[in-house]
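Mind having a look at this structure? Questions to follow.
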């Protein structure tokens, strides 16, 4: 029996090409380009859909369109959303007793000032949506918090105006990215911010190297993936002196170029194998 | 034992005042004004939170902040989101075999043109987020669809650029709004668009009158509420000649001023009673 | 002969009411509400139009619509624009040898960083359009400048993304506002920022008191008004220890509530008298 | 004596390369890339600046920065602005008795409806800023005008929300583009919209061919350029049966690739010669 897998994307990065190549060994793969194709809700024929648009909301809506047709999705719309929106990530992780940085939700500068008074300074300001370190700033004083909050208020989209306030943690400008597929850890890398930058996003120049896995880290990454029901996710973890490991972020459409280079492991191949088993159970 | 209920809002409309009055009969109610208060994720003390901000995303983030603290929320963040985002509503309703209008998801004008060719004209163009009929237009020709899609593309937020395309249904410019609390139907009203307007939003001048409930309508409203796990929702239903009843929308933070006036029923009191029982189970 | 004066506005503040009252003593005044009225370009009958919309662009387009009909406008579209856009104000003032703070134009964060290296820190970041101190922040370090520039880049309108960088001047958080009508100074007030705020905008809580006029100040205010061909403008001036008086801003649709209260003078009456003479020359 | 000419740009299109090549024959040309360079107001050394950024506002602010330093600019900030903003173009052209389509300014949907009632249908809706036919739509009924106006209202920038309403003219989907340098006509081309598109923008697929110049057309193009004090501009003209020639648009940073191809004439060389004479007068 032929298995039909749709690969849904808007740009074909190295990641998508590798996934396609791996899955084509056992399935008929159709590339669905969201720049050109509309999806009929509830009337799509496929056995599975691998959801890879860069835009979180395109990924979300594509996944949900497939789910209306009872197609198995990697990841599900729910995982994409709860990973892609940091407010939803943190609240769900906390509800699953997974340690995260101390966090407040504020919808106005006035509310943010109150959160700042409780958190102390410096503190970190984030937005629910946004990749590659965008909209992440550090405020050292209440004045700076006020200035940033006011600027944020002028952004046009509600998610850009939403303020997530967090304690600033000493982590030596490093975080650990772990890739998890179907409940198993593929590996971990450390990402260290470039000099003069405190945010450890690869897009902002961070360097990547393999990170030795211990049981505690492995358990945490798998637990975080599971809390968001992620089939194929990356989990970003801070190692802090004061609180040990803390989950900072989960990614529902993970990029893994840097991870591959640093570890020699191939998440695309892992995903392909696990998906094969899932569909042939 | 004193029960603590937080009423979370940004504006106190008649609805919020009535809910507060009803719940104060059996609980200590604290008003949480999101314009001024920040919410500490995972560290809020309350037995329940009634989530009433006008902005969908504020409601979503407030609910999830409470859920991180294991507080019972009406509605949950998941209900608020799957009701508030029409793409997620339609896909989830379809996955639960609930009839909705024939719908396509398109993320670009090119994709929309393809959906239009399959749906035929006139068709209706919607956006995932947006109340009161905003961003809902009807296109009679491919040219109009192209012009609207291009205009939408210039809107700043991804959800405003997302195109939902639907068959246009002859419903005499009327829809039926049903209020459901904890799996029971409170009642239904019909909303008829004012002359010269085809959208039946009260905000656009629609008139409201009681609508006689039949079993099919009751079942459908309850099923739709249940598909989105809504504790207190309104369900908007079309009665069409061609397809019978179709669910058009679910609201997770329902307004009910017009409903009360037309039916003499009090959804705030119903909500209060049901919530009391929920918390004293 | 009856003189016809149009008062063009969108909101009737105290200022507009006072102007209307004064001008009605000698002219037939028609109130043109831009919320409701369209203007036919080149086909408006009036002897003069007093332009008072709050939005700078509405004021600009209303004035230019009248000018297409050869109607005398207070202020002209050119004055409204060159006053309302700080980039155009500074460049025109400089071209007229009027002293202003040392200023750079930068259209990207990279360009802003270069300007910062030349200006030194702290510096002030402004935007061409924006009243009441909005988008005005102070950066004490290159890092803060980078963070603010990056945030600005996410704003949707080109003018909001445009960066004006200025030396930070010690002026004791005070500026001097002078009102000029048809080449004559009506008076000056000092505006001192409220405690904890360095920007001296009344909208941000600044207090207002009369300021004793000297010849140098008077000359500068009149020269600045004249450089922008303003018939009725306010001129904001800094008194600095290092550079003496510097013009910081000109307003082409001046508010004067605070000015009246502090000085007892009535700019609306002054405007009315000067306009009468202009039209009866 | 060496002449110093700055070429200010953000992208080097064919046009900029040709201008640079021509001017380098007699001047030392410095390329100023606004993506990277900040401009110090009033302290730039150059004999002339050729202003070529694609973004109208970058061009405007760059030109004005040079003018603060008393540098001759092609075009001046004033020309760039009055050409780049259609509201300012139309009003200034009308003030100079130059024929343009019948036009209304409306700042709200209510105002637009009134203009529509006076203009009749179909009518054309435009925005003050915007190239390549963007935001230009045709409404055949008051309902379509209402829908477009409401959509426009949701755009984030004031200029995008501003409504210019015009009579729809039968011009066989063709317009005439004339290039004028220092008061002399270089030539004209006709641009005919591709099939299925009524807007004659080359960016929307229009075809270009030479257009035989007559005295009336030549006079009109030169008069329009002169009304906006343009040194190097293109003027877009409609030939209508009912009203003869009408000026539709002036461009202050003209593209001329298509013009060159169709006419064999070289506007870059013309500009270079005229600029040489200007600076050596």
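Per-chain numbering from 1; labels A, B, C and D assigned in written order.
In the analysis below, contacts are C-beta pairs under 8 Å (C-beta built on N, C-alpha and C of every residue); 3 or more make two chains touch, one makes a residue touch a chain.
These figures come from a predicted structure and were not determined experimentally.
Least step count on the touch graph, chain A to chain D: 2.
Chain B and chain C have Cα centroids lying 45 Å from one another. For this pair, chain A with chain B, the centres built from the Cα atoms lie 28 Å apart. Each chain gets one centre point, the mean of its Cα atoms, and the points for chain B and chain D are 46 Å apart. Counting partner chains per residue, chain B shows two or more touched chains at residues 156. Across the assembly, chains come into contact as A-B, A-C, B-D, C-D. Taken in their complex, chain D has these residues touching chain B: 134-135, 137, 144, 147-148, 150-152, 154-156, 160.
Chain C meets chain D in the complex at residues 10, 34-42, 55, 57-58, 60-62, 64-65, 67-70, 77, 81, 87-88, 90-92, 94-95, 100, 102-108, 110-112, 114-115, 118, 128, 156-159, 162, 165.
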